[in-house]
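This structure is in structure tokens; I'll ask about it shortly.
Order as written gives the chain letters A, B and C; numbering starts at 1 within each chain.
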């Protein structure tokens, strides 16, 4: 079974490495969105300071959402997904493997890059750590919930916008707990409660999202 | 060759008395008979509720007459959340038991739910202007209603974007189930966010020292909203049934009678 | 092992494509699904492969419902549909390896090389698939047949399209060998194919 999981993850990672441009594009997108905020709001240091956690998290949400389309869509287009549905490995395992691989190529780079952007906004060092930690716990949730949305909108007309419409409202708790934790630390409070709630939400998503994504994939092919 | 009628009946578990009305062709006339009754009830409750809330309930000494919009606001907010849960339950039944009527019910409820969510937001704004001095505040309840509206719109958008009705129902069902698990979490997180970012504002639900007549008015308006939801859901499900089963024998026969 | 299909029915939207389709397939037997375009050949194959759910009827593999068997049925099954299920970024050899892993079976590098050799693509094995022509891509997909001697049930949809005469000959030979060692195969086809088995059934749709 773990053999199966490993081979799915390895396959998706290898595929992403052959399409490095895609991964880089999403990171560049992330940086650009974060850069746009000071340009739009004005560079007043205090304002930037309070807005930084929210800005970085919203940008991360958008970047993760854009990257969802490559989770199933290309496998759907060339018939690979069809083979996965009738694979000797359980569909749940394949979906989990794909989600993990997706996180490695979207959530993890965002997490690593975010503290650098935090420095731009002059966040204190402790807040930078919490920012990275909150993204580390929060971005897997984005991949998990996003997988449900991506599976539901497979082959549906207007899929891209529809995906955003379905997934973004469900991301609200991640945004609140994630950005809230960073803000709490820069205001001199502890981020513990925020991060534990984020962790609880991650645990719940781990249970529900793969099931829902499998159901949605089967629906798409029925 | 078996015709669509018997096969459809078979797929709906006909023969089992519990599922008798789960078959669209059995439910269609039943719904038709129920609509006038519930419509009447809705009208009675609405008249009584509006009378109590606008003429009987005492004027609020802090907020004056403008608080009266809260009767509609609270009923609408209750219904908006309740209907989402009902919709998700129908959807789950449809997904598990594979009954076609359940999916139709879920998509029939969604527009009414979205409408009540919108009404709750609208009346919330109307109430907010004289009370807070702005149309919109990022109050916990209003914000989570807004996100609930997004969830409803997402459901409607997804089910209308898929052409095949069976697939649309089942995809909508998965979304509704994920949504209904998320709604309490969203509500909780928004509330948490709200208490962290601003002091306790005047809460919409905690109208100070609620009089018994105010409570009665609220209940009556809520009952009216309830009945209204049943009527519109049944109404809509009847047209969905006709549209989807237009090629089935029983619909054609009805067309012949008319 | 046998595959039994009873009273299968299929709908596309409002249209009933077919109903009451029944057949049984035993070891070494071939089933040809025939019919004009739009008669539901592909739909029937997808139903039998377990990709979609029938409106009515049942499909049994070795006496058990395939919906319940799921992965253990999938292990016994090789399905090649219209799409080649190949990644343009992978080489022919990698694509073949992934397909085998998906089927829960292993394959050695030598086996994969031999498979590509037999299908006539040995000289293209290390090339990313985006540089292959349509016919060559189709051949990579069909190279899975060379490795699938351990998979009893083959379901091939329109696999003769876009193949040249030599490749066609190879594929026919592969199916022949498969039937000779007691495998089963279901094919859709417009044209008659020279497969020599005497144990052949035909389902005509439309």
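In this section, a contact is a pair of C-beta atoms (placed from the backbone, for glycine too) under 8 Å apart; a residue touches a chain by one contact, two chains touch by 3 or more.
Everything numeric in this text was worked out from a predicted model, so none of it was measured.
Chain-to-chain contact here is organised exhaustively, every possible pair of chains being in touch.
Every chain gets a centre from its CA atoms, and the centre nearest the mean of all protein CA atoms is that of A.
Taking each chain's centre as the average of its CA atoms, chain B and chain C sit 47 Å apart.
Distance between chain centres (mean CA atoms), chain A to chain C: 37 Å. Mean C-alpha position of chain A lies 31 Å from that of chain B. The set of chain A residues that touch two or more partner chains comprises 222.
Within the complex formed with chain B, the chain C residues making contact are 9, 13-14, 16, 19-20, 55-56. In the complex of the two chains, the chain A residues touching chain B come out as 145, 148, 152-153, 156-158, 162, 165-166, 168-170, 172-173, 176-177, 180, 184, 197, 201, 204, 208-209, 212, 215-216, 219-220, 222.
For chain C in complex with chain A, the residues that touch the partner chain are 49-53, 70-71, 74-75, 77, 79, 81-90, 94, 98-99, 101-105.
By the touch criterion stated above, chain B contacts chain A in their complex at residues 95, 147, 150-151, 153-154, 157-158, 161-162, 166-167, 170-171, 174-175, 177-179, 181-182, 185-186, 188-190, 192-193, 196.
Those residues of chain B that touch chain C in the shared complex are 1-2, 4, 7, 10-11, 163-164, 246-247.
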